[in-house]
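Next up: some structures, all given as C-alpha cells.
The following pair of complexes shares a single chain, chain A, combined with chain B in the former and chain C in the latter.
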Partner chain A sequence: MFWDWNYVWEITPTLLRASVVTIQATLLGFVLAAVLGLVLAILRMSKTGWISVTAAGFVEFIRSTPVLIQIFFIFFVFPEFGIVLPAMAAGVIALGLHYGSYCSEVYRAGLENVPKGQWEASTALNLSPYITFRDIIIPQAIPPVVPALGNYLVALFKETPLLSAIAVLELMQTAKILGSQSFRYVEPITLVGGFFLVMSLVAAAFIRQLEAYLNRTLRNPGGAR
Partner chain B sequence: MQLRPLAVCAIVFFTAGLAVSSFAGFREFIPGLLQGAAITIQITIGGCLLAVVMALIAAMAKMYGPLPLRWLAVAYIEVFRGTSALVQLFWLFFVLPHFGVNLDPMTVAITALGLNVGAYGAEVVRGAVNAVARGQWEASVALNMPRALALRRIILPQAFVAMIPPWGNLFIELLKATALVSLITISDLTFKAQQMNQTTFRTIEIFTIVLVVYLALSVLITVGMRTLETFAARGIARGR
Partner chain C sequence: MTTPMVKFDNVTKSYGALTVLDSLDLEIAPNEKVAIIGPSGSGKTTVLRMLMTLERINDGVIYVDGEPLTHMQKNGTLVPADERYLRRVRGNIGMVFQHFNLFPHMSAMKNCMEAPIHVLGLAKKEAADRAAELLDMVGLGEKKDQYPSQLSGGQQQRVAIARALAMRPKVMLFDEVTSALDPELVGEVLNVIRKLGTEHNLTMLMVTHQMGFAREFADRVCFFYGGKIAEQGAPDKIFSNPEEERTRQFLSAVLEAG
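Right, the complex of A and B next:
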C-alpha cells in the first residue's frame, strides 16, 4: 500500500495550518526584498564611487553565496554580536536579503530604462533629487519590471522550505515531523510538493496576465510620453 | 560588464580571508572544510553534467518530439520548475525507498539537483535554439539536409554560443543549491561547517570561511564560463 487516503485526510489540516507560516514568511520576506532591492539599486546608481562599488560588491557577494548559509549565518553568527533573533525572523531577513539583491538588478534595469531626458527635464524644472526619484523616475521605472519582480516572488516562495533547517515550523518541517511520527513520508512530502506546484503554477499564470495587462497599458499611458 | 565589482569583491574577501586566517585555531577548521568542499565540487560537477544532458533532451523533446514525448517533457519542466529543490531532494531521499528504490545520498543529491537545474536549462536551450536566425533553417532545407542533421551541424552549434551566459548563471545556482544536500546527511561544506560549529562554537570563523569558499567557487565558474564564451564566440565569428 503506497498511498493511504485516510492518512492524507488526517494530516491535511495540520499541513494547511503550516502553509500559513510558509505564506507569512513569503510575504514578509518579499516586502523586505522589494524595499531593500530598491535601496540597493539606487545606491548602486550613486555618483559617489565608493557607495556604488560597495553596493555592487554587496549584491554580487549575496548573489554568489548559498541562501542556506546566509540563513545559518544570521541565525548562528548574529547572536555572537549580541543580536538574538527568533528563527522565523532570522529566516525572513535572510530570504529578504538574498532576494533583495536579485530584485536590485531588476530595479536597476527599470531605472536605467527611464529616458535620460526625464532626468534633464527634472533638472531644468529645478526639482530636488528626492522629488525627482519619488515623482518622476520611480513611477516610470517600476511598472515595467513588475512581472520580473513577480518571478522572484515565486522563487522566494519556493525557497521557504529552507527555513526548516533552522526549525521554523513551516510546511516542509511539519511534513518531516509528520513523517517521523508515522514513518510514512510518501503522503506528507508528496502533498507539500503538490502544494508548491499548484501555488507556483497559479502564480505564474497570474504574472502572465499581469504582464499582458501592463503591456497593453504601458504602450500608451494616457497619451503621455 | 560586472567583472569590476566582482573583482573588487573578490579582493575584499580575499583580504577578509587572510584576516580570518590569522585567527587562532584556524588550522583546525581548514582540512575538514576542504574535505567538505571536495564533496560540494563533486556534486556540482555531477549535477551540471546531468543538468546539461536533461536540458538538451527535454528541450529537443518539447520542440521536435512526437506528441506524447512533448507532453512528458512539458510535465518534467513544469514539475521541476514549480516545486522547491529541497522538496524534490526530500522526495527522492525519503519517498523513493517506500517504492523499493534505494539510492545512496550522493546519487540522490546529483539526481535531484541535476533534474532541477536541467528543467530550467531546458528553457534556456529552447530560447537559444529559437534565437538562431530563421534563414539558417531555410538554408539547411535548401541544401536538402534532414532536420536532425541540420539541428546537429547548423543550429545547435550557433545556439551553443548564446546559451553559455545563462548556463553560467544556472551553474552558479546549482553550486548554491548544493548547500541543501547537507540536509540529507551528505557531509558537504555546509554539513562540515555545522558539525564543527556544534563541537567548537567558533561560529564567526567557520561560517565566514564557508561563505568565502562558496564565493571563490562561484567566481571560478564565472571566469570559466567567460573564457568558454570567448573561445566559442571566436569559432562562430570565423564561421561567418
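Right, the complex of A and C next:
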C-alpha cells in the first residue's frame, strides 16, 4: 500500500516532539534576527563613517553568502577558533544572523520613512538620541514594516530544515531518521511538508492580525484621519 | 546695555557654493519680539534653524543669554560645540514648526509631557500638571486626550506651541507657523502668540508672511534679502516708510498678493 495510516499514527508523536524543536529554532532565530536587524539598521544610520560602513559591509556580506554555508561555518569552523557551540545554538545563531541582515534592510526602510520633522522636533525638545529612537522614531517606523518582517519570519521558519545538515533533531532530521529506519519516506516527509504548510498559513494569518492591531494602536491612534 | 538674549556674531552659512547667510550680525534683547520677513531663499528660516541647532554654521558664533551656543570654551578658545554641550545649552530655545511636527502616536498631553519628563526630569504628575495648564492656556484643555490626527491644523499648531513652552525656554522661534493653515484657522494661532507676548517673559523670533501681524506684534522687523539684513527697524517705519528699494518692492508684491 502506498500510504499506511497505521505508520502515520505510529510516527506522529515523534514528529510532534520534533516540531517543538523546529518552532523553538524559529522563534529563537527570529528574536535574534529582529533585535540584530534593528541594531544593524540603527548603526547604518550613524553619522560616524566607519560605524555605518562596517554595519553596511556586514549586512552585504551576510546577505551575499548562502545560509547553509553560514550554518556549517559556525558549527564546523568556529571550533577551530575555540568557539564550540551545540548544534542547536549554532543553527539558531546562523539563522538569526542571516535573517537579521535581511530584517535590517526592512527596518531601514521603516526608519527612513519617518518624516524629517519628527527628528527636528525631537532635537528642538532636546530629547537624547536614545529617547528619540525609543519613544519617537521606532514606534512610527515599525508598524508599517510588520508585514515585511512577518514574511521573513515565515521564510526563516521554512529554512529550519537546513539545520538537519548539522544534525539538529528538528522535523526534517527526524523525518529522515524515521525514513531510514523503516524505509518508508512517503509518510514522514509528507507529514513534515503538511506541517510547514499549516504553520505558515497560521503565521501569515497571525501577522495580518498583528498588523491591523499595530495600525490601530501605534500608527493612527484615535482612528480619525 | 544689558546682555543680548540672542547674538549672531558674523555668522555665515553656506551649502556648498551657495551662501545662504552672509556674515550676519544680529542682536536681540531679552523680551524683544522680532519679526523676520523677506522673499523665499533670503535665508530667514535658516536663521531660526541655526539658532535651534538644526543646522551647523560655517563661520562666526551665535550666543544665547551671554553663552556661546554654537561653540564651547576649551583651553581658553572657542571650539565648535559637541553634541553634549549642545544638549546643555539648547534647552534655552524652543521652536514651533510650519508643519507642526507633533508626534502622531501620542495624545496632545503626551506630546507636551515627553520632553519635560525625559529631559528636565520632571515627575509624571508634575509634567502632567504643566501640560494640562499649558493646553488650557492655548484653549485646548478639552482636547488634551485627543491625538494629532483628530485635531484641526490650528489646534495641532496650538498643541505644538504648548509642547515647546513646557520646556520653559527663554527664546521661542516661530517658523512660518501659520503658512500651512487654512485661512480661517490662522487667527486662533496668532491669538495664542499674542497672549504669549503679553503674559510671558519670552524673547520671540518669528519668520512670517503675516505682515499685519508682524506690524502689530513685533518690536522690530528685519527684512532679509540675499542672506543679509537689507533693512531693519520699528514695524511702522519698515511698513510705512521703508528706505530700501528692495523692501518697497517686496512689500508691494506681498500686499498685492493680499
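The criterion applied here is as follows: the second predicted complex is superposed on the first by the 209 of 225 C-alpha atoms of A that agree within 3 Å, B and C clash if a C-alpha of one lies under 4 Å from a C-alpha of the other, contacts with A are read in each partner's own complex, and residues count from 1 in each chain.
The rule we apply is simple: a residue touches a chain if its C-beta (ideal position, glycine included) is under 8 Å from a C-beta of that chain, and two chains touch if they have at least 3 such contacts.
Remember, it's a predicted structure, so these values are computed and weren't measured experimentally.
> Once the shared chain is lined up, is A:120 touching chain B (first), chain C (second), both, or neither of them?
After superposing on A, A:120 lies in contact with chain C but is clear of chain B.
> Check whether A:56 is in contact with chain B, with chain C, with both or with neither, and answer first, second, both or neither.
It touches chain B, and chain C stays clear.
> Applying the touch criterion given at the start, work out whether A:87 contacts chain B, chain C, both or neither, answering first, second, both or neither.
After superposition on chain A, A:87 lies in contact with neither partner.
> Is A:169 in contact with chain B, with chain C, with both, or with neither (first, second, both, neither)?
neither
> Just checking: does A:135 make contact with chain B only, chain C only, both, or neither of them? Give me first, second, both or neither.
Once the two structures are laid over each other on A, A:135 reaches chain C alone.
> Tell me which partner touches more residues of chain A in the superposed arrangement, chain B or chain C.
Of the two chains, more chain A residues are contacted by B.
> If you stack the two complexes on chain A, which partner ends up touching A:68: first (chain B), second (chain C), both, or neither?
Touch partner of A:68: chain B, not chain C.
> With touch defined as at the start, can you tell me which chain C residues reach chain A in the complex?
52-54, 87, 90-91, 93-95, 97, 99, 101-105, 107, 114-115, 118-119, 146-147, 149-150, 163-164, 167
> Which of the residues in chain A come into contact with chain B in the complex?
2, 53, 56-57, 59-61, 64-69, 72-73, 76-77, 80, 158-162, 164-165, 172, 175-176, 179, 184-186, 189-190, 192-193, 196-197, 200-201, 204
> Please output the residues of chain A touching chain C within their complex, sorted ascending.
Residues in contact with chain C: 115, 117-118, 120-121, 123-128, 131, 135-136, 139-140, 218-222, 224-225.
> Help me check something: in the complex, which residues belonging to chain B touch chain A?
These residues of chain B touch chain A: 2, 4-6, 8-9, 12-13, 78-79, 81-88, 90-91, 94-95, 98-99, 172, 175-180, 182-183, 190, 193-194, 197, 203-204, 207-208, 210-211, 214-215, 218-219, 222.
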